[in-house]
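Per-chain numbering from 1; labels A, B, C, D and E assigned in written order.
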Amino acid sequence: MRAPSLLLLALLSAAGCRRERRSFSEPSPLQARVERAEPLPSGEPLSHFLDNAWAVSEGARLFGWYNCAGCHSLGGGGGMGPPLRDGAWRYGGAPADVHRSIVEGRPNGMPAFGPRIPDYQTWQLVAYVLSLSGRLRLDVEPGRPEAIAIGKPPVMVSKKLPSAEPLPEAP
Amino acid sequence: MSERRRVTVRELPSYAFGPRDPMWWGVALLMCIEGTTIALLLLMYFYTRQRVDVWPTTAPARDSLYAGAATTAVLLASIVPTHLMNGAAYRGDLARIRRFMVLMTALSLAALGTRIWEFRALPFRWDTDAYGSVVWGLLTLQTTHLGLGVIENLMFVVLLYRGPVEKKHLVDVEVNGMYWYFVVGGWLPIAATIYGEALFR
Amino acid sequence: MQASSRAAETLFIAATLGLLVFGCHRGPADAEPPTGRVVLIGGRLAPASGVEDGEWRKVAKDDANTRFSGLATITPGNVATLRVAWTFKTGIARGHEAAPLVVGSTMYVVTPFPNRVHAFDLKAPNGTPKWTYEAHPEARAQGVACCDVVNRGAAYDDGRVFFNTLDDHTIALDAATGRELWNTKLGEVARGETMTMAPLVVKGRVLVGNSGGELGVRGWLTALDARTGEIAWRAYSTGPDADVLIGAAFKPYYAGDRGVDLGVHSWPPERWKIGGGTVWGFVSYDPELDLLYYGTANPGPWNNEQRVGDNKWTSGIFARRPADGSAVWFYQWSPHDLYDYDGVNESVLADADTPNGPRKLLFHADRNGYLYVLDRANGQVLSATQFGHVTTSRGVDLTTGRLNYVAEKQPHVGQTVHDICPGSPGAKDWQPMAFSPKTALLYIPHNNLCQDEEGMQANYIAGTPFVGEAIKMRPGPGGNRGVFSAWDPLGAREVWHIDEDLPVWSGALVTGSNLVFYGTMDGTFKAVDAKTGALLWHAELDSGVVGQPITYRGPDGKQYVAVFSGVGGWAGAVVPAKLDVTDPTAALGFVNAMRDLPQRTRAGGTLYVFTLP
Amino acid sequence: MTSTVATESTPDSRSEDARLERELTDTWRLCRGFAGWFCETNHTVIARRMLVTAFVFFALGGVEALLMRLELARPDNHFIGPDRYDQLFTVHGSTMMFLFAVPVMQAMGIYLVPLMVGARTVAFPRLNAYAYYTYLIGGVFLYVSLFTDTGPDTGWFSYVPLSGPQFSPGKRVDVWSQVVTFTELSALSTAANLIVTTLKLRAPGMALNRMPLFVWAELVTSFMVIFAMPAVMLATMCLALDRLVGTHFFNSAVGGDPLLWQHLFWFFGHPEVYIIFLPALGMVSSIVVTFSRRPVVGYLPMVLSLVATAFLGFGLWVHHMFATGLAELGQGFFTAASIMIAIPSGVQIFCWIATLWSGRLVLATPLWFVFGFVAIFVVGGLSGVMVASVPIDLQVHDTFFVVAHLHYVLIGGAVFPLLGGIHYWFPKLTGRMLDERLGKAGFVLTFTGFNLTFFPMHLLGLHGMPRRIYTYRAATGFGPLNLLATVGAFVLLAGLLVVLTNVVRALLSGRDAGPDPWQSDTLEWSVASPPAPYVYEHLPCVAGRYPLWEGIRDCVVEGMDPRQRQVLVTAALDAAPDHVYVLPGPSIWPLLSAVATGVTFITMIFTPWAVPLGLALGTVCLVGWFWPRPPHEPLLAEQP
Amino acid sequence: MTGALDPASTQALAISILWWVFFWTGLFVFAAVLVALVVACVRGRRRARREGSAAEAVPERSLEQRRERAVLAATVLSVVILIGLLVASIVGGRYIYGNPSPPLPVKVIAHQWWWEIQYPGPRSSDLVVTANELHLPAGRTAELELQAADVIHSLWIPNLQGKRDLIPGHTTRLSILPERVGRYDGHCAEFCGLEHARMELPVFVESPERFSAWLTAQRRPAPAPSTPEAERGARIFTKGPCAMCHTVTGTDAAASVGPDLTHVASRAWLAAGALPNSPRNLRAWLSDPQRLKPGSQMPPTGLSESELDDVVHYLGSLR
C-alpha cells in the first residue's frame, strides 16, 4: 500500500514542481536565435514551457504587450488576424509550427517577430496561444485577467497537440 | 474526612429542550457563523453596488422573478410543518413528528427544485461581471444551507421510520427545526436584495 | 436549449420595449434641440450639380454625394416586377463595399483584395468582363487592414479609371483596354498603412487618402496629377501647420480651431506622428466655391488618456482648395474623441433658398450620433441634432462648436464603462446616405449599437494595432441593431424609419421616381417608397449586402439597378474571417453584437444587376 | 438539590470508592492499539496532540524565520533568490498565525477548561477530534506544497490583485486560501466546543462570577472566533472563486475592488491578533494569582476589560489601511478606536501589578515569563498606540517598525505567557516537574535574544527599510542593524532550545509533580497529574471563586451512573444542575470526516468536480457520524 | 540618521514632531510600569519571606479597596494620556493634508517594479514623461496623483512624507512641500511581487531655478545621434527588441509598456535603484538584467557584443 502512494506523491510533486518553477535567466532551450534554421525538436524542451503555469502567464502578459491581442483580440477570437481559440490552424497547430509563425511571420500579414522577441519569450507566447484553445493541462490554464470579462474558451475535447505537418496554403 | 456536601443528580431527566440542551447551543453558534457570512456577503453586494456605474449590469429577467417568488413561497410554507413538528416533539408524539417531518422534507426538496429553476433563469453567469458574481455568490451560499437542511431532513425521515428512535432524538428534531428557521430566515434578506433590486430598478 | 429559450425570451421583452419606444416617436422632436439652432423655414433645395445623364460616373453619382439619379422608369408601381438581368461572381469571399461605375456602355467594378478591376460591355450583358486588370497587391497588406480587406470603388475621368489597392498604390488604367497608365506607391504597409477609399477626380487632380488609424498611421489626403500620377500636394491631418497646408487662407469659424501649429500642441510630445486622422471616407466638391470637403478619422490610440488635448485635426472636416490643397476652414465633430468616432462620413452638398437669401449647406451624419447642417462656405454649424440613441454627449454648443461629453461615460484605463451609446461604429459608420432633392429628404442607413468598454495601456509597435480599448458591443435600445431612416435636414426631424434587425451596412440609392434602394446584412436587397418607407420589393441575394447600390440607363434604354453582394466590412468580418463568437472582444468588440450573423448569411461576392422584365 | 450529609470514611466507603474507580476507568477507557489512536476522542489526548503539532509548526516557522534572517544579514545578499524568499516569509507568517498561535491557545483551552470548570469532558468530543484532524491535514498540506515549490508567495494576507488570477499563476495562492479555510474550520469547531463546555458543563455552584479568569479569556476568545473567522473564510472562498472559476469579486476592471479584500481580511485580521492574545492574558492571570498567593485585584474589571477588548477589537480594522488614502474622517474614528483599545489592556496590567504588589511572591519560572511578558508587551502596546496615529502610521506602516511591533505584541504578548503557562501547567499535563534553573536560564536567553532581534527593527523601520524585501543596497545603511538582528535571532533560538531541553529532560527524568505542586487555587489541581481519562471520580461542586484555597474541596456530586459516559449539564448563569445525558464514545467518523473535508478542499483547487464529490463524501460522513449507536433508550416502548 | 526622523519637508517635520511626542510619552509610561513592576516584585518577595508563602484566600477588605482605587487612578491617568495623544495625532494630521499654494501637478504610475513619472505642462505638448526619478522644486507644494498599472504598490519617501498606496481602480493623492534641497531615497512599501525589494525611487529636491532648467531639458525630444556608433545603436534600438517596450521621443520607438528612455543618460540610477547609472553598469544591465534583478520584466536582449557597444553608446548620448 505504501509504494503506490509514495509513487503518486512523487508524481504529484514533480508535476507541481514543473508547474510552479519560476525560471528567470535560463538560456533559451533552442540555442541562440541564429540557429533558427535547424529542424525544431519535439518533446522535452516544450514541457519546460507548456507545463509551467508561470511561463503561460508570462505569455499572457506578452500577448498583450507585443500587440498580439491587437490582431487576434484579447480572448484570441480573431479580428484582423485569424482566431486562435478554435481548433482550426492555417499553418499547423503544433508548438513548433506556432513558434515558426511567430518568428518568421506568415505571408498573409503575420509580421516576423524573430529579431525583436527573445527566444524564451517566444516559447512563452506559444504556451499561451495553445492555452487559448484549452490545449494545456487544466492546472496550468491561466486564470481570468484583471480586465473586462471574456470567459474561458470551450475546453477542447482532444487534449492531444495537433501533428506538426502544416495544412495546405490557405485560399 | 471533613464534612462532604452532596449534590444529588439521580432524578434529573436525560434530555432537555431549548437552550438547556448543549446541541441547541451548538446549532445556535453555527447559525451565528453562517449568519455572519450571509451578512458579510450582503455587505459585499452593497459595497460593490456603489462602485459600478450601471447596476444591475444585466438585469434578472422576469422569469427569474417568478422563480425567486416560487422559492420564497415554498420556504415560507415549510415553516408551518416545522412549527407543528416542534410542538409534537415537545409532546413526544412520534406519529405526528413523522408526518410533519415528511411534509417539511417534501417542501424542502421542492425549494431545492425551484432553486435550480432560479439558477437556470438568471440571464447572466457568475463570470459575466461583478454583479453576476455577487448574485451567484449569494444564491450559492443559501443553496449550501438549503442543501445541508435537505440532507438532514432526509436523514431524520429515515431515522424516524426505520431506525431506533430515542428520547434524545426529540431534542434533535427541535434543533433541526430551529436550523430550518435559520435557512428560511437567511433566505429572506438575500431574496429581498437580489429580486427587490430587479423589481424597483 | 437553454440559450435559445433565453434568446426567445429576450426578443419577446425587446419587442414589447421596442413598441413602447416606437410609440413615443423616437427622434429629435422630443429631444430638446441644442440652444441657438438656426431653422431654415420653407427653404427650397436644389442639387448643386447638373442634369440627369443616366450614367454613374462617380461612386456617389456626383460631386455633391447625393446618390440621386433622375431615372424614373422603375416606379413604385412596377418595382414589384424587378428581376435579375445578369450576375457576375467575383470569386472573392470578402466584404464587397464598392460601387460599380457606368460610363457610356461600360461598367467598371473594383473587387476587395486582391483588388481586381473588371470592365463589362453593357451592350452584350452576359456577365463576362470585357477586360480584367490584376493589381497583385502584397499579401501582407491583409494583416494591417483593420476592418476587412475592402475597397470602396474606383473613379473615372477623361478615359481613365483610377482606383486604390490595399497595399497603398493608386493605379490609373486606360478605360478602353484596361492597360495600366501609371502606378504610384503612396504608403508603407510595414507601418500599418492601407488604402481602401474611392478616389475623387477634381480638375485633373486624383484625390486619395489612407486608412490605418487603428495602427497609429498618420493620416493624409494626397492629390495626384491625373495624367502623370505624380503627387501634386499632400495635406496631413496632424503635425505642424506646414504639413497640414494651413496658411493665410485658413479661417475656421470657431475660435477653438484658430492657433499656431495646433496639430502639434494639442498632442502629447511627438504623439501626433502616430496620431491617426486617416482619410478613408468620401470626398465632396463644390465647383462654385471651388472647395473640397473631406473628413479626418479618429485620433490614435482609441485610449484617450494616452493623448491628452484636443488632438487637432482628427475627427473633423476640412474644406480645401483642390489646386494647392490649402485649407480654407475646419470644424472638429468630436474634439479629443473618446470612442473612435471617425469624422470621415460623407458630406452631402445642397443649396437652400431661405427667407434671408440663398444658403450653401452641407449635411453630415456623424458617428457621434449628430446630423449636422453646416454652412459650407465658412464652416458654421447651423444645426446638430441627435439621429440615434446617444448617451455619450448632451449636445453641440453652437456658440463654441464644441461637443460636450457626458463625464460619467468617459472610458478610463482599468475601469469598465457600461451602456456607451452609440458604440464605436457610431450612429452611422461609412455606409453612405442618399439625398433626394425631390423629397428634400436624406435617406440614412445606420446602426443602433451600444457597448461596454474598458481602457487599456496601448503599446505602439510599428505595423501592429495601436488601440488600447477592450470593447463588447450590444444591440441598442429596442434590440434592433440597425435602422434605415428618412430625415428632413432643414426641419431637423425624422420623417419615417424602418427598424432592421442587423446594422444597415450597405449604401443607399434614391431615384427620381421616389424609390429608395438599400441592402441588409442577411442578404436582402430592398426597395422602399421614398415618401412613406413602405417596402415595395425585395430580393434574397447569395450573401449579405454591404455594397453601394447604383442605377443607370443601359444602352437598350432600360433602367438597371446594380449592387454588390458579399458580406464583410467591420460589421460582417465575423463571417468571411470565420471569427470565434465565444470571444466577445473579437473584431474590436463587434463580434459580441453579431454572434448570429454566421447562421444568417454566408460569405460570398456577386455583382447583381436588376431590371424590369 | 444540595443536601449535606455527614459521613466518615468507613471501610465500606473506601471499598465503594475503589469499585467506583474501577467502573469509571472501564467506562472512560482510552482506545488501544494502532487503530485506537485514530478513534480516540478524549479531550486531554486530543489537546496534547494539538499542542505537540502546534509546537512542531512553531519550530518549522522558526526555521523559516532564521533562513530569512540569514538572507537579510548582509546587503545585496543572494543566499536565497526572491522567489524562494517570498515563499519563506509567506509560509512563516501563515504558519505562525494560522498553524501555531490560534491552535496552541485553543489546545490549552481544550485541555484546561473542562478541568477548570469541573467537567469530565468537552461538550462535543467527536467534533473536537474532527477539529484536530482538519487542522493537521491543513498544516501537512501547506508543507507538502512548500516542498513541491507550490508554497504561497504573496504574504500572509495575500493582497489582491497580486494574489489574484492574473499576477499569481499556478496553484500557490490556492494552497494558501485552502489552508486558511482548513485552519479556520478547525478554529470555529474548537471555539464552539469551548463555548458550550464553558456555558453548559460547569460544576454546580460555579456561577459566571466564580469562573477562573483563564476560562473567561477562552470564552471571550471563542466568541471572537465565531464572529471573526467567517470573514476570512468568505474572503478566501471569494479569492479561490476569482482564481478558479473567473468570478469578479476583486476585479477592479469590472466593478470589484481590491480594497474589498482588505476590508474583509482585516475585519478578521485584527480580531485574529486579539484571539491569539486574550488566552495569553488568561494564562498570565492564572500564573499571577497562583504565585502571588492571593486572589487577583479587581476580578470584575479584569473580566470587563476582556469583554471590552473583544468588542473594540472588531471596530478598528481600518487602521491596517490608513495608507490606502481612505477619507480622513474615517481615519479619525479608527485612530480613536485604535488608541482606546489600549485602555482595557492597561487595566489588566495595572490589576496584575497591584496583585503582585500585595501578594507573597514565589519567583518561579512562570512568573519570570510574566515579568518578561509585561516588559515586552508594554513596549509593543506603546508602539501600537504610535501606529494607531494616522500621521505616524503613514511613516511606519509596512516597514520593519511594524514588523517589530507585531513581534513585540505577538511573541511578547502571546508566546511569553504561553511559555509561562507551559512551565506552570507542565506538571499537570505530564506529572513531571520542570527544572527551575534551566527554566530561568531559558527565559533569560529568550528575553535577551528577542530584544536583540526585534528592537533594532524599530530603528530600521524609521530609517526607511520596507517590509518583505529579500535584499537591500549597501548604501542604504541598513546592514549593521540587520546583522545585529540576525545574531539576536540565533540567541532567541538558543533560548528556545534551552526550554526544549528542559521539557525533554523533565519528560525522561523529571521529579514527580503530584496533583498540586504549586498549591494553586483552581479545580484542575484537585485531580491527579496527568488526570485519569475520567478526570473526576466525583464531579466537584463549588462555592467560591478560588475553590482549592477556600478549603471546600469536598463538595461532590453524586448519583451519576459510572457504567455510562454521563455528563452533567448545568444552567448557563448560575450552573444549577439541569440534566444528565449520555455521551457518545470514541468513533472513527471524525477522522473520516476530516479526510473527506481534506480531499474535497484539495481537489477543489484542481477540478470543479470536487464539489459533487465533497457533497457525496459529506453526506456519507454526516450519516455515519450522527447515526444512533446502541445502547438505545427507546422513546416509545412498543415501537422498534 | 536618515529616514523619517530626518525631515526635509513640512509634512515630514509635522510627523517627526508628533513621533517624538508619542515617543517620550511612551517612554514615561513604560518607565512607570517597569518601576511599578520592580517595586511590586521586591515588596512581594519581602512579604513572602516575612509571612511565608501560604495562600491568603480572602485579603483584608480595606486594603483591597485601596488597591482597587490605585488601579482606577492608574487607568484614569492612562485614559487622560491617551486622549492627549489622540488630540495631538489629529492636530498633527492636519499638516500632512493641507497645501496652501497652487500645487505642482505630478502624476506617478507604479508598474511591476518601476515608477513612471509624468509632469503635465500648460499645453498638452509640454508633457514630460520620465521614469524612476522624481524631481521636486524646494519651497513649492507638489501634489502627486498616484495610480497603479497592475498590483498594489505604495510610494514612501521617509524624509518627505508618509506613504500612500497606489491601488488599481483608485486614484490617490499625496501632497509634499519639500523644504531642504538634497537627494532622498524613496521606496515601494507594499509587497508587489518578485522585485519589490528593487523598486526604489531616488528623489531630487532642487531650487526652483534648477528644477525648471531640468524640466525644459526634459521637454526637448531626444537629440539626433551624432557619431556613427550612435547611429548604429539608434537603428538597433528602433529595429530591434528595444522598441517593443521603450519610447525615445523623436524616434520611431514609441512603445510605452517599458520606462521612457528619452533622457535616460541624465538619470542617476538604473532599473529603479538597482544600480548607479554608468556606461559599464548600463552594459552589464543590458547583457543580463536577470542576474542583477531576477524576475524583472526586462528580458536579456541577446545582442552581440558590438551591437551592445553601439546601443550603450547611443543610450549614453540621450542626455
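Keep this in mind: a residue touches a chain if its C-beta (ideal position, glycine included) is under 8 Å from a C-beta of that chain, and two chains touch if they have at least 3 such contacts.
Keep in mind the model is a prediction, meaning the values are calculated, not measured.
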Chains touching both chain B and chain C, listed by label: A, D
Chain pair, A-D or C-D, that carries the greater number of C-beta contacts: A-D
Farthest-lying chain, centroid of Cα atoms versus that of chain D: C
Centroid distance [mean C-alpha coordinates] between chain E and chain A, Å: 38
Chain A-chain B separation of Cα centroids, rounded to whole Å: 47
Whole-Å gap separating chain B and chain E, where each centre is the average of the chain's CA atoms: 51
Per-residue multi-chain contacts in chain B, two or more chains: 52, 57, 127, 129
In chain C, residues with contacts to at least two other chains: 414-416, 454, 459, 461
Multi-partner residues of chain A (at least 2 other chains): 22, 65-66, 144, 146-149, 151-152
Pairwise chain contacts under the document criterion: A-B, A-C, A-D, A-E, B-C, B-D, C-D, C-E, D-E
Chain A-touching residues of chain B, taken from the complex the two chains share: 125, 127-129
Touching residues on chain C, where the partner in the complex is chain A: 139-146, 214, 414, 416, 452, 454, 456, 459, 461, 463-467, 470, 472, 573, 577-588, 591
Residue ranges of chain B touching chain D (in the complex, touch as defined): 1-16, 19-22, 25-26, 29-30, 32-34, 36-37, 40-41, 44, 47-48, 51-52, 57, 92, 94, 126-127, 129-134, 136-137, 147, 151-152, 155, 159, 163-170
Chain D-facing residues of chain A, complex: 9, 12-13, 16-17, 19-22, 53-54, 56-57, 60, 138-140, 142-149, 151-152
In the complex, chain D residues that touch chain B: 1-9, 123-124, 127, 188, 191-192, 195-196, 199-201, 204, 226-227, 229-231, 233-234, 238, 241, 245-249, 251, 254-257, 260, 263-264, 267, 541, 552, 554-560, 568-569, 571-572, 577-582, 615, 618-619, 622-623, 626-628, 630, 632-636, 639-640
